[in-house]
């Protein structure tokens, strides 16, 4: 049970923040908090891959893009005027089509995002699996290169294909009705519900990962990080485990991409770029590598500030500074449990000196 | 040759050496024995300046060398055969040895270094055959020989050896102890840490016993061999009992 | 702990194993059997091919020829984890531990093959997964105690001394209740006192009914505890027999043991 | 395709290929000394071009280039002693992250020093419109400069790492820093030297390619990625192989353009890379044995 | 608080850094400069302008976040930008549903087609540029051409327009290719073009390729004419291409040749004012991109003045009724069906002569 306390705390904090923003009239902050939550989902998934299983992935944005672009592409196909096609009739009888009126008075018919959610998860999982089997045999720089290569391929395909909108990306992505009456969309009126949807996703993800880490499989993964040969010798099917973790990370990213795309109503190639993948890696690294909570908190802080444009023209520069600074001075991350110990250690000389002084005084008094 | 006073050192939060004082005279073989985790490796590493000394003083040939960089320790004629061998795994045996002679090359030129390599090869003939094999693919014992050879290539006056017999066949162990003795006969000084306490005490002049970061006993090697405490804690039985019969 | 059934005439059969590294014939048509419930030692000069032999048994190297059977099942061609799944566990000459993990976690890893809970069960914290965890922890404690590691169980392994790391490795190999242990130089780096302790322990392990294949250079250990010895030289088996016989074998003395203070 | 065209594609491939090779050589030098892949390598190329451009307004080309190389070397040295030296204990992953961070910082610094405009150094010989005719195919004289300088550098490095003690000592540092110290090698200065060398070579590359490709504050990222691909393709740690791999990649790209839309050029080259990585992770020219000894 | 009531809040989203900084940086500088000038001169109807610039670095997701922030949090009356078409398309619906006037500095036609009530744009339509190029080709007797374009929103849109209108002018596109916008060497691509029997090349991109294409063409000995898009509108690019820039033909707004316009031209005064102010303030040459931002802010200011209200709907209505407003891109006349407001005559065909821009018709 103890391991869930922190999740309960997180839930409480989420609710408190929402209430506070409402009271202070700053509900608009929820927009960026919602967007950050989706990026956090990518980060914690990557944290599992990198921090726990020790496999670097510089291609995580590629999976995010797979999720986002799959749904953007599928849900922006307009079926109006295509009532004769087999696909239309099939979808229609299954009740999977949604009719919507655009801002400009046109009527469009598109398929429900539930289909594209399924597609996004499947495509991401299958891609990760097929890619993971060969490339996860690689290590270190080689693996970094291979995953980055995958990311670049996705980026290039998105950028070079007309169906994905080339450099413009895809806009006008419809909202995603999750529950009756509640849908994922960037609409002003559904801001609060979207905030909760996003963070629910984070909590769900955290629960799954925390459980995983504390299980038999989780330990095998952690030890794999230390010594693959040893894990092998203890009967861990290391190659299979690595691939599965990679798939989990990919699915997390794709789901996040899916939700973010509906929330934003569109997606552009910048979401697939190497720079984004680097950011995810950076967040995990700065969060302390094998530290889900670190990834969560750093993901929240950095994305929230960045999305609000707090760093201005220095967005990248600030990121660079944080990266370098953290890796140099706190390679175990900001939220490492030893921080408290370190602070104590730092303060100790102060007390010591006082004690010594006292002793000296006592001596001189004698 | 080597004089240590009140040495303290350790890692981050852990203090391992708690005030060590010892000395090694020129031309002596001195050994340190002690249980696992007593801090023997830490001591040798601190002398070689791989681990930074927190307090105390190390003097080499009367010169204070506390806290100077490891390369200058080597230049001052002190070389370490590290625990766990620490080779350059993706370089050939020959390259490993040549790098051992790095300072020699720099100071005395190619010729001395070449001669040294020959000496090493005659000491461990198998290395000559393996000369162009990558060091990482050698068997454990072969690697240990390279490690010793590489340290000798620096042409040290004082040789620090950390468990040189670890993982070696008995015949090689004997050979190595013989090498150690002959090195002393050539005028070198040796400080050696060994688990094979009986064997090392047989060739050593003096010995120290280390327990959890402090030296608890000091004496002539033969005295230690006869000491009951030492016998019980470190000597055990010797396999000679088996071969003798 | 349950005893493995001793119904096999020989537990492990090694048949004509070969291994080449480039031009080097590191293991040259080596065959021998290991009977269940004994300690068998493999000795030989440095570079004789002992570790290579282990690596072939445990699935790390694919043999250039020959086969290994365990309980009449062919091991050759299996991945290391599959070999472990069959109940053959090993330790390493140069320790292989997860330095950032605690002693407890490292040792629990040894129980891996005993569990079934997979990713899904783990992520959803199904009852099966939690029960297995609990069982594993309970099973590990006696072994920790036996190896005097109880106090260190939450320490990061990287901070242990070499000797303690060896103990952790042994514990890790033991907790899965293996039928067979391959120990590669377990006494390297231990002093004589500790070596004696180790020899006690290895014998106790054998007395629990496990079979042990051992590579070791410490003759006091080997001669004392092994039931049978195989000697390798330049990749070839040159002798096999009881310790007594081996000690008296002149060739072994010449190439390995060394004569009397020659 | 006519012979003339084939030749023209070959020249095009060689041109881009040698640019990639320049970056990859820089990677290899630092890799050889530290085992680190320095993702800021592309920024050294950018700095070289920018600094040389700035000075070329004040003085003839040669001293401007020399100054650019020296200043960039100094930057490399500072980066090593301020950042990298304090980091050495961490993992491959940590190093990747830090050098990416440094590359971001260098890029941003360049943006604030030189703004976002593109700049081009003067042609070393001839001008924008001169071209040399070789069997009917044409090539800019600057490409000949690039090739010449690449050749000289590669030859120099080969001799350096293979035959000089300093070169070997540098390699030793990457394999086992502690052991290198025990051999009496001043590891700090070796590592520092490697950063200076690779920054300087990167800067020189930045100068020779600038007349053709132009220099822009953000050019480093793409170069870094391509250079990384080439370094791995050739087998990490091997400068000559890097040049061969660079030319190979350049040629693959150039001929792929002749058949397929250029938009997918990177997709093709990366798929080839992935295949090579999976089939032979040590790179086309790398020794499998050596790479298995490295702890990745 | 008091001061806030007396100010006019205008938001701006530009790609000041990142891949499209060639656009965003001069745009941001221009808008800042203009706002300072207006404020120094007493503001709009006595109210000071409070300008909030956000740097999106050409990321659509940031543009979306910033748009919401500017609208809900900063409560701006209008937004200028973004710099790229992709970003603009992603926030078009957002501005429309929030009813906030957006004057974009990006080129794509889709921004104003279909017309969204609140969305305007200042750059000339790509189709005009394409048509100008083809018209000129017709007069030069060019029939078969090759098209290369950068793989950016700008390049893709341009390529689309060229492909769409070529048949109307009887011109055949034998080959059309896109390249990476950061490409550093294009000889391989141009070799592919050279193998075709073409009379001219059109390159549609922004830097750095605009200078690389002419250089590489010369290097390959291709002596056919090179046409570029209006993206070539910065003398810096001519400098970067050096001697290879001579003779490049491209359509552009009149900003680049403001000095050479006759004094009575209605745009001349504004053009010269902007140009001299910008060049003296920042020590660099103006570009047409900065001009688009200049037009955007000036149009909004004009609309606010005209509406004499800070209500977003009033400002929109005023914008839509602007007519005959001389900007740097041309003379703007908006209508409910035309939110670009510029005609074919907003462009001139230019060429490079002796390292300077000049009218093409002068030859």
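Each chain gets a letter, A, B, C, D and E, in the order it is written, and its residues are counted from 1.
As a working rule, a residue touches a chain if its C-beta (ideal position, glycine included) is under 8 Å from a C-beta of that chain, and two chains touch if they have at least 3 such contacts.
No experiment lies behind these values; they were computed from the predicted model shown.
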Contact-graph distance - origin chain B, target chain E: 2
Longest centre-to-centre distance from chain A, chain (CA-based): B
Inter-chain centre distance, chain C versus chain D - centres from mean C-alpha coordinates, in Å: 47
CA centroid of chain A to CA centroid of chain B, Å: 51
Separation of mean Cα positions, chain E and chain D [Å, integer]: 36
Cα-centroid distance, chain A relative to chain C, in whole angstrom: 43
Chain E: positions in contact with at least two other chains: 17-18, 151, 178
Residue numbers of chain B (touch at least two other chains): 137
Chain A residues counted as touching two or more neighbouring chains: 159-160, 316
All pairs of touching chains, each written as two labels joined by a dash: A-C, A-D, A-E, B-C, B-D, D-E
For the chain C and chain A complex, residues of the former touching the latter: 58-60, 79-82, 84-85, 89-90, 92, 96-101, 105-106, 108-113, 115, 117-119, 121-125, 129, 132-133, 136, 172-173, 176
Chain A-touching residues of chain D, taken from the complex the two chains share: 37, 83, 86-87, 89-90, 92-94, 96-98, 100-105, 107-108, 221, 225, 228-229, 232, 236, 261, 263-264, 266-267, 270-271, 273-274, 277-278, 281, 296
Chain E-facing residues of chain A, complex: 28, 31-32, 35, 103-104, 159-160, 165-169, 171-172, 186-188, 260, 264-271, 306-309, 312-313, 315-316
Residues of chain B touching chain C in the complex: 11, 14, 33-38, 41, 83-84, 126, 137-142, 144-145, 163, 166-174, 195-198, 232-239, 241-243
Chain B residues within the chain D interface of the complex: 48, 50, 69-71, 74-75, 79-80, 82, 86-91, 95, 98-100, 102-103, 105-106, 134, 136-137, 150-151, 154
